[in-house]
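The next part holds the structures, each set out as structure tokens.
Okay, so chain A shows up in both of these, paired with chain B first and chain C after.
So, the complex of A and B:
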């Protein structure tokens, strides 16, 4: 009883809670407006998107998504009238602007590149990172602190500074504008994060588990496989998502080292243009599709976020 | 370089093997613990040597030459320290460094102030605080490039939402609010977007700091009848300080390297008013193709980040020990 009353002495008062809650909710709502605006713009027609004053209420349209996935050519009304009935929503929308769909745009290939490169590099980084983290956590590695610091310090270089020699190196090796080259590069960038995070997670698994398994006749490798890995699943999953988000969001290397076949979505989205300037609904549509996976991951990760963004330095 | 790297690696592996304690080092199916340690760690080290360290040494070599990547067949001349001397005397580089300093200073100041305040408020644990915290965290997870590109739209003088909101509040006509075209406003346009994006980051770390303060300290302060004001300045702030400093370190390094968001939002313009160091580096390296010169600049930037970060970490450790 005395404990609870002592507690209530320092607990914030109801008024202060209400004030704090109001300010936080206001901040959250204001900070989320740009994202809601992207989402809303993706369902606007191009004239609606550039209306003054900015339109909050509008007739939703799929034109942005249609323009994102297709390339179009302008035709005369006579020609369009001579065509058969429209085959789909996009066909119909586009014809209203005196245009016909000429073919698919580059968005899908770029999006698929993003998927391949993000998942490929994440798999490699987590694989290498788990092995190294286990090594650093369980074996007496000489100069372990120096090696760990070396691994971290590779993260401090400005990406453009790294990109200059990488650009030359990839040109020599024929890795320019290839998915393999980007996977290697992102793996190298992400492996430092993976080692630091996973070492923290593996350090938390008691050594006794493996030792017991080894006394039971497992080899060190089997003990690692059967006792440590299953225990580290949460940590490995969280690390993987962090690596995935980095690779997914990365722009500097992608913009400088890829231009065509291996280009990812972030350098592609800003290049979407319509007639007479940037086609904002299409850009918004691309941005929305690109951001949705990240929103899902953020919600999944919210308990591990702190650890991830501080390289495991703060664990709560 | 490759040879030197391999020897270094072999030596590391050797000492790994020697240092692993004897009882653990039993042979199992041909792989000893020593062997396993080396097998587990070396792929990572090899990859980093190939993709990070080798290019770094290459960049150091290039920084002493007049090499130009767009003319690979031209004879490469060793120019000694000429590139470094020219950088230190280059007016444009100094302007870029000032732009970077302005950007880093204001973003960190604003993010720390707002981030700490938000964390302090969230720590009241009002109802629903977990949900709203997650909402606040969203901007920092997004791609800075894609977000920078979209803020260009929000900043448009007439049709943009930002300009409209400002004119709604202040009464200044929306057509006159050219955040990206006005020379004196443009440097603030990048500060605003970065603050919007990364304040949650500082907030999250500060929140961890506040939650790490044991409650009994406050209870003792209550017993001593210390005022709320006094408690804040002599308990809350000093005990959260290492966390705040950690957040500042991470944000400082990141913003010193800032490229993606600024490149897409302003591209360094108008003129060179928002040309932070990384943008200058990109222009020199990939537009003017002065590879040797830009490599020297890259090395200077890297040494600066590395040096400043090291000094800062020493200070941080001192604060932690107090």
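So, the complex of A and C:
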């Protein structure tokens, strides 16, 4: 046996690293194909988007984005010719299809609804979750284990199982199709996740920090604010991402409970298909824009998210 | 600075009694150490003085004021934790200034006080560093700085040297005592390390199972242990115990141990016949061939200036500390002579020390139980 073949028992060997790397790269490629497909489609013209075989190389066009943000009416070529010169890229694009822009579409308001509802409910869930997790972590709460189980149990059934009672209750309470109603609903669904995740993080922060602060003249709330919270940022960030992803992507309740003023982007995007033929580029454009906030948020907090997944969720 | 008075203090967690009827007074400016094995109730006592736990019964007076039920922040004390509890999101300066911020002190004054404190602890060059990069000793100094910056009524320290390496620990023991000599702050210090206790304390309370076994100066505790537990816990190696039977009468000056007559300090009380123990420190044993107390050498432990010799006698192993020059071989038969003036007698059942001439002019030291 030569010494050069000796290897560490803990460090993975070069071969296993290479195999693992290959598998990960393959998986990443497979995962990203649908996203690339959507992204590419959003820059195709409608004929290109349904071409067979699919076009990998194509002339990029902003038509999908123009159609996403506008409503259009079909006009005769004579009428279009009688108009003045086109006022912008979109104007020019739609005129080629014998259409004129009639006004903005509902996409922007729906997208803003999504932002308000997702971020609002995430804030509420994380705020409530942090405080209750702190309570469960630090105080002798009577029946703490049962309460924690009860909180968790709200997550055990699919939320849609309670869709009908919630639909009826919301109608009675006047919460149907309101941003407040959706924020309350998503907060209720997310708060159990937030409590459990954050309790793990807060349990790991030694209580000496607050005790030291309280001896040094701070109230418990001040001590919590100044010593616990800054150290729980990792956990809070990770929890916020999980909550945000849920609230952002949620489709079933949004489709059921919102139809007009409070409608979020997920139930809105499919309705684009119906407006003037199967406008796949517009749908793809909506989806692409819809991905952006969550992508930015996740990239900003990726360090915390990674630590959140590996640390907080798995307690020692 | 203030005196701390603890009266009939008791703490129970459900059925478990952590502290039973503790009574002691820490004088103004005294360095008081609570010493005992883990789980003996010393940290619980400290936390009750701090206001982090509420007692089940009894009173705590700080500078004559009853603070038993006050909140921690209303007691004007400082606490140094075993893990230091330095806030990782603040630098050294902010950590030290944190208690002053709570008082609403103006920024300029905080800056000044923090710098003074840092100079006192010789950490002024570290003020703008992050606490996470500090070495153990410096972390300790920052924790101390946070405690002294406020000039509180007293300092409470919970095993503050427990996480340091031995080398650093000796240095910090020295520094802590030196600091105490400079600022004369009433200090309650909790440790399980007898060396820390002996080298720093003005007064020591030895605790076991929630009971204060003995309260006294390091010298009293070492020379006149009030109970067998104290005798066994203090000293390395601990006191030897040689069993003997029969009672004692007032004025007795001699007992019989393993068939050998041993002179003892004059007994000051009558003891009914019971199982007894003679306690003798290893350094108070000499080799003497004339002695009737004999045994065979079992092993030796060379310590440089002295050596610890384990001798197997008919009553068990006895350890003696003798000069290192003496050449000894395992199996050698030796006679053991005990320094009569320094030995203690105990009742085995209760563990209590029998009152003898060594206690003359000194209180027995055992805490009284209600």
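Just so it is clear, the second predicted complex is superposed on the first by the 271 of 316 C-alpha atoms of A that agree within 3 Å, B and C clash if a C-alpha of one lies under 4 Å from a C-alpha of the other, contacts with A are read in each partner's own complex, and residues count from 1 in each chain.
By our rule, contacts are C-beta pairs under 8 Å (C-beta built on N, C-alpha and C of every residue); 3 or more make two chains touch, one makes a residue touch a chain.
Just so it is clear, the structure is predicted and the values come from calculations on it, not from any experiment.
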In this superposition, the partner of chain A with more touched residues, chain B or chain C, is B
Which of chain B and chain C A:162 touches, first, second, both or neither: first
Q.
Quick check for you: in the superposed arrangement, does A:268 touch first (chain B), second (chain C), both or neither?
A. neither
* Asked: Between chain B (first) and chain C (second), which, if any, makes contact with A:41: first, second, both or neither?
  -> first
I'd like to know which partner A:139 touches here: chain B for first, chain C for second, both or neither. first
### Query
When the two structures are overlaid on chain A, which partner does A:107 contact: first (chain B), second (chain C), both, or neither?
neither
For A:208, is the partner it touches chain B (first), chain C (second), both, or none of the two (neither)? second
Exercise. For A:217, is the partner it touches chain B (first), chain C (second), both, or none of the two (neither)?
Worked result: second
Have a look at where A:230 lands relative to chain B and chain C in the superposition and call it first, second, both or neither. second
Task: Tell me which partner A:65 touches in the superposition: chain B (first), chain C (second), both or neither.
output: neither
Residues on chain A touched by both chain B and chain C 219
As the complex stands, chain B meets chain A at residues 12, 15-16, 18-21, 28-29, 31, 33, 36-37, 39-41, 43-45, 47-48, 50-56, 58-59, 62, 69, 118, 121-122, 124-129, 132-147, 149-151, 153-154, 156, 158-161, 164, 174, 196, 199-201, 204-205, 207-208, 211, 215, 218-219, 222, 243, 246, 250, 253, 256-257, 259-260, 263-264, 277-278, 281-282, 285-286, 291, 294-295, 298-299, 301-302, 305-306, 309
Within the complex, chain A is touched by chain C residues 50-52, 71-73, 75, 77-79, 81-83, 85, 87-89, 98-99, 102-103, 146, 150
Residue set of chain A touching chain C in the complex reads 206, 208-209, 211-219, 222, 226-227, 230-231
Chain A residues touching chain B in their complex are 6-7, 9-10, 12, 16-18, 20-21, 23-25, 27-28, 31-35, 37-38, 41, 49-54, 128-129, 131-132, 134-136, 139-143, 147, 150-151, 153-154, 156-169, 171, 184-185, 187-188, 191-192, 195, 219-221, 245, 248-252, 255-256, 265-267, 269-270, 278, 280, 283-284, 287, 290-291, 294-295, 297-299, 302, 305-306, 309-310, 313-314, 316
